[in-house]
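Note that subunit A is present in both complexes that follow, paired respectively with subunit B and with subunit C.
Let's turn to the complex of A and B:
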């Protein structure tokens, strides 16, 4: 287990729009829970390569490969609001294990 | 809300009747092109991206949305296009890309720099998460009504 903030790779189609919203929302939600995180945004096509740089979790709004070696959470909750509490819990859980 | 700043009467199509998702994307994209916000290949690139990586979003209420957009290289300056549709058109779900989403609210995003439009994107998400506001937008028949709903 490494010390310091947890690293989350946030993926979407273009790495501009959706992942910006999602990354912001995750940082705020985790801050409220007292979990310090850093995020990096990327395109879904870059996930497999970037994840090797050492991330604790991948959160994505588009399909990504499922053999990444770290937990992957696929969710639209930060865009649509539906299931947001559950998604926040799931992320917090994944970071604490 | 921040979102109002990026909307244009010309690129706001209300109560659109008939057509499919491509017609909506073309309709909005062509307007953003005439306004100078996007390059001439923006529409084709957006359609292609929508086919590979769809942007349909099932929302809490009865109305679903789509947020078509594409890489920054096709954009000159940031803007939004907005369309409300009388009848749903078929988009596909962003996460479950085989799943159809009947969409009546389309917000097209033209973004020119990563992270530069965080507030605008945040307010788009706020709109999508606000069922009452979505319903208000669906009823709007003029650009002024859209802007006043978004205040």
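Let's turn to the complex of A and C:
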């Protein structure tokens, strides 16, 4: 992988509603941890096409195919507020490996 | 109460939603415990989103009105109600005099119902409070009273909680989302529809044995899933129908291609603008979530979320892909329909997502139930279009001169707004009492036979079947 900021693909049903919440939360949380990230939002249907453009991680609020070749984290923690710390840890770890 | 609200409305009308909504969002976020700086930025972002959405709606409205008019002249097919899409409907709903107050009202209803043990759902999906505002705004236009509109919004919020509770076990088992419910008024109202359709199909030999497989459908209909290409294609087709006789070849070509590009642009830009609106609402929804969770901490509760979390399921996606061409076909052939479908073709998965649990993900059945929902929806939308257009005017959206009326599949096609609007149109405030009574009756029967209702909505009948259904 290249050295620049880590690229995260954030997916939900519309690429509008819940993925915006998740993307913003990830950017904020990773900034605090000193990990530089950029996010791109997409619909669940677009994940398998877009992921080929070179993402380090997929975070999704809705089911996506699991044979993408990059780590996938499906979580509602950023929406419900429950288990948010664990989800942040999981994302940070996935990015550092 | 009305005098005060009318006075406030006069001031608000002067300033416009782009100024007032930021102020209100700032105050609401701050009151719920967000930091002032964050709350302030949230308000400003929402104002910006409003300006952006207004620009894009203007583009869409003008392009579609012109080409729609040309098409009527050419073909005699009258399609003068434009589907401006749920992003526009949401912006309109939040921008009306009802929408300005919907967040505190719906939070209040939720807290009261939690305290009164009338619901298990904690609705943290602040963004989708626009559905309650949408219903309230229509009632306000019908009754010419903001107070009635606010009451209607409160009842709509309660209706969403009821539907969320009722469908929660089905959602939790079929979609594997423990502790979640869906108080979303585009998705949840489909359930009664689906139950009836399912019951009928079960009684028709032959039909009841058909099953459709999701992967072939996704492959065959995949291009319909890309909104930009969809917008371009629809634009080109409408352009050809409207302008094929507009002059020499060059004029025709220019007009047709311009419509295509304009509508493709709308399909990309409108969701982007709504992302800004969402971004602005995040501090509010986070503050509201913490505020509510503190007050309901000792209870077993379901967290109410956006149905967007269901849309990735193959059953929802495939059904919607099939329904896009079906919807376009219906819009052309249905006699008496005046709706020109456009921006909300992308919202169809939301309408069908909760059909999946009780139809066990059978695409064939979901397509039939979806077709029926849309079929009825075209007439509901045609009837309610003046109200939706009135609400847009109330929200301060610029309506181009000689423009068509507007609607959207979410929620202009659906029965809850229709029920509220029709009953208040017939009986004024008594209409609201009737809606509330209907809701109370439904809640009563549900509380008497929870298991039965929940299984009807698609919850597993027993633990063994839970695994089989998945």
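Assume the second predicted complex is superposed on the first by the 97 of 97 C-alpha atoms of A that agree within 3 Å, B and C clash if a C-alpha of one lies under 4 Å from a C-alpha of the other, contacts with A are read in each partner's own complex, and residues count from 1 in each chain.
As a convention for this text, contacts are C-beta pairs under 8 Å (C-beta built on N, C-alpha and C of every residue); 3 or more make two chains touch, one makes a residue touch a chain.
Just so we're clear, the structure is a prediction, and the values are computed from it rather than from any experiment.
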For A:39, select first, second, both or neither according to whether it touches subunit B, subunit C, the two together, or no partner.
neither
Touching partner for A:11 - first (subunit B), second (subunit C), both, neither:
second
After the superposition on A, what does A:75 contact: first (subunit B), second (subunit C), both or neither?
first
Just checking: does A:64 make contact with subunit B only, subunit C only, both, or neither of them? Give me first, second, both or neither.
second
Touch test for A:21: subunit B only (first), subunit C only (second), both, or neither?
both
On subunit A, the residue positions that both subunit B and subunit C contact, one per complex:
13-18, 20-21, 24-25, 41, 44, 61-63, 76, 79-82
Okay, in this complex, where on subunit B does subunit A touch?
49, 53, 55, 57-60, 67, 69-72, 94-95, 97, 109, 111, 114-115, 117-118, 121-122, 124-125, 128-129
So in the complex, which bits of subunit A are touching subunit B?
13-18, 20-21, 24-25, 41, 44, 61-63, 74-76, 78-82
In their complex, what parts of subunit A are in touch with subunit C?
11-21, 24-25, 41, 43-45, 60-64, 76, 79-82
What part of subunit C is in contact with subunit A in the complex they form?
87, 124-125, 127, 175, 177, 179-180, 218, 225, 271, 274-275, 278-279, 282, 285-286, 289-290, 293, 303, 305-314, 317, 346, 349-350
